[in-house]
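Two complexes follow with chain A in common, the first pairing it with chain B and the second with chain C.
Here is the complex of A and B:
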């Protein structure tokens, strides 16, 4: 069953008088029980997509889309209230920066209890409810692997180490028992052990409760362990999306190939002391976006036709948008 | 906790020490004999015995003199005024409460008006309400206090005759001074018609309070607005929206407290401005407060009074500011250190 269906999502930002397309025709479909990876360099608009889905963008920015539906209900045309209800019930977000996304003046316990859905509570009186909430909160913490629940619940965000707060954020995301968890770079800046724990936790949640996860990251190694489907983003455009295995075996878009090549762990044939490959140049700023395919100036295969935006082409479940894809003779 | 308390006490003590030192040095810097400036007694009025005692201590070195000075300060022996010959300690004790009363009402009024308006302006950011509140506040901020006070007198006392021109209470009432806060004194006294006295006192309060409150209100409004806008744009507020909380829940549970914490220290810093404005307004409305009293002292070159008044006012400001700072420091959980390593 399709949970989230996004077609041609465009986000325009007003930068010193001119409207710039920060996201240009993004397409993404998330199925139930799927771990969907969203990959791209820093500045490619990954977090913007997340914010556009949950509606946490400034009002001044213009969002347009041909289709942006949650289980068939249109998210863009529905009332703010209805949308908020859906987000409260079915979608949870784990933010990039766990400490900044928590209220510094409330204890973690207060914030976790705030997220527990009130209709799940069975007791009537408020003191019974408080006890019940406390019990639920402790259970949630145990689920995400925080053993010392009392200290954690009574502390303020800044008093707890970063990886524990990240686990706590996952507990918060699980509190409303959502259908979709959006994990926006949840392992940023963490050391390996904490990272593995969090990734394992996310996969377990996916397997045990059949929750879908939109995993936003640039950590290809983590993604290849977890995700089944991948969407590659470059500078606000979706360049390629498809089954992870297919993408790894045969990427059509030069950018996807460059991304895969830049991760040494994926190259089995890499001889010792050989130079590592990387794409020349940097991602363009919003002030200097190239027309057409935005990879143009950096693309090793660019030709004159690339100034026009390429159409999306499809091979089975594999979508790409490139005029001159790799492997196209082999196809 | 005790550490913080100790540090603040230390800071207050050091500041007060420097203030007392300054007031002592002032006696030497003012024209005339230091002894005259310190005691308020003219040398030629002293008896022979007092004179010889004074000469004896004046010959001591300056540290001993300062030690004596501090001893007399704490004993409540602040000298007498040149002009009236009244003891300064009693004078300050009588006039300072009147000023504190006036400033406190003005401060409360500005809080009650400024804070909600600041919130409204911030919540309607970039909309008509915001812009109009901002321009009104700019207007209020730019009006000089003395001019505003005169205008208020001109319109409401002289033209319309709604409010009395000057003083604290109608001369008909004889209020025994117990605490020197007029409202409390009225409530404490039992010989007079309390209701009529209260009404009279309030009618006298309105104009001076208003003219001080206007500037402070606009200040509070602007500070609040800035802080609320910043808080509402911070990441955890967006995160709270993304968790599906309603705007009301977000504002009530996360917005208000976080917006207020940075405001309070800024407001504490506005207290001296408030007091200065109160002094000006006092002398316009002939309010028997410390400001009016000090300005009279300055006119009459009453050096002992200037010294004592300045010391009293600055001690008040220091203690007020420090105690607000301390309250914030102790209540802000962000400043609390992690007590243990956690899992």
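Here is the complex of A and C:
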């Protein structure tokens, strides 16, 4: 069953007089129980997509889409109230940088209890309610693997180490028992052991409760570990999307290949201290976006035709947009 | 001969109060290691295991409680701090925040020259331009400010600042953590190239075991201020002895292996 269906999502931002397309025709479909990875470097608009889904963007930015539906209901045309209700109930987001996205003035316990949905509580009197909330909060913390719940609930965000706060954010996201969890770079800057714990936790949630996860990150190692489907973004354009196995075996877009090559742990044949393959240059800023295919200036295979935006092409479940894809002759 | 030799380096962080006894808040256990010119040493460990502190001790930002650091057989202490400033340079953890937003990059790069060398203005400028080209930037970047550069370029500036005095050792605190994958492999390539060309010794701290395995010759694994295991990269990754190291390597291997199947 299709949960979230996005077709040709375009986001325009007004910067110093002109409208710039920060997101350009994004397509994405998330099925029930699927782990969908969204890969891209910083500045490629990953977080903008997340914010566009939950509707946390400023009103003055222009969002247009052919289709943006949640279980068949159109998210763009519905009232703010109805949309908020859906997002409260069915979608929860683990935001980037947990310490900055929590309220520094409230204890973690207060914030977690606020997240608990009221229709789950059965008791009526306020003292019973408080006790019930406390019980539920402790249960949630145990679920995500925080053992000393009392210390955690009573402290403020800055008092606790980074990976525990990250787990706490996951607990908060689980509180409303959503259908879709959006994890925005949950493993950034973590050591390996904490990272594997969090990945295991997320995949367990996916398996046990059949929750879908949209996993946003640029850590390919983490992604290839859990996700089944991957969408690669570059500068606000979807470059390639398809089954992860297929993408890894045979990537069509030069950028996807460059991303895969950039992680030394992916390749066992690589002798130590040999130079890694990389693309020249860096991601362009929004002020200086190239026309046509935005990878153009950095692409090793770029030719004159690349100034036109490439059409999306399709091989089975594998979509890509490139004029001169890799493995061209092999086909 | 060893370029850097460290013997039983210890450090204690204490809180002094007037009435009660001194409270020890952090204890960096005896650390000893050595490495040769042209080699790379990686320091791996959890958050709060004292990796950054060890880097700071090597550069001389903190004074150790006991222990000795030798460089080419000469002991480094307070009397020859000038030599240490010239020969051991540091790249700080957060490149964005470690560059002054109010100064042009030329001024930032000029500062170590003005403090440590006797070059005149003309020579300083030509050295700055030479270093900028060396790290793959243009000479015009001298007039730029921090906010005008991208992440990868800032990383290059931080590297240029470390290289400009022609050091023998560079100590880098998580140099690749904040970089994107494609920019990161550029930075890794640049560092390896400079190391080959100039024969630098390179000490770096990292969480990314893939990169550690790729570029380092030796590894030190730390936990709670103690060195748990140290030795050749190859040996540690293939035959880890300690429980903690095993856990670390296994969790990395689990990530790598599962996606190969």
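Here is the rule we go by: the second predicted complex is superposed on the first by the 330 of 331 C-alpha atoms of A that agree within 3 Å, B and C clash if a C-alpha of one lies under 4 Å from a C-alpha of the other, contacts with A are read in each partner's own complex, and residues count from 1 in each chain.
One rule holds for everything that comes next: a residue touches a chain if its C-beta (ideal position, glycine included) is under 8 Å from a C-beta of that chain, and two chains touch if they have at least 3 such contacts.
Just so we're clear, the structure is a prediction, and the values are computed from it rather than from any experiment.
Of the two partner chains, chain B is the only one touched by A:88; chain C is not. Once the two complexes are overlaid on the shared chain, A:263 sits against chain C while remaining clear of chain B. In the superposed model, A:225 lies in contact with chain C only, and not with chain B. Within the superposed three-chain model, A:277 lies in touch with chain C and out of touch with chain B [touch as defined at top].
Using the contact criterion defined above for the overlaid structures, shared-chain residue A:155 touches chain B, although it does not reach chain C. In the overlay built on the shared chain, the residue A:62 is in contact with neither chain B nor chain C. Contact with chain B, but none with chain C, is seen for A:105 once the two complexes are overlaid on the shared chain.
When the two complexes are laid over each other on chain A, chain A has residues 161 in contact with both chain B and chain C. Residues 234-236, 238-246, 253-254, 257-258, 261, 332-334, 336-343 of chain B touch chain A in their complex. Put simply, chain C touches chain A in their complex at residues 45-48, 150-153, 177, 180-186, 188-189, 192-193, 207, 209-211, 213-215, 233, 247-248, 251-252, 254-256, 258-259.
Interface of chain A with chain C (complex): residues 41-42, 161-163, 189-193, 195-196, 199, 218, 220-222, 224-225, 248, 258-259, 261-266, 270, 272-273, 275-280, 282-283, 285. On chain A, the positions that touch chain B within their shared complex are 51, 54-56, 81, 84-89, 91-93, 95, 97, 100-107, 114-115, 146-148, 151-152, 155-156, 158-161, 164, 172, 176.
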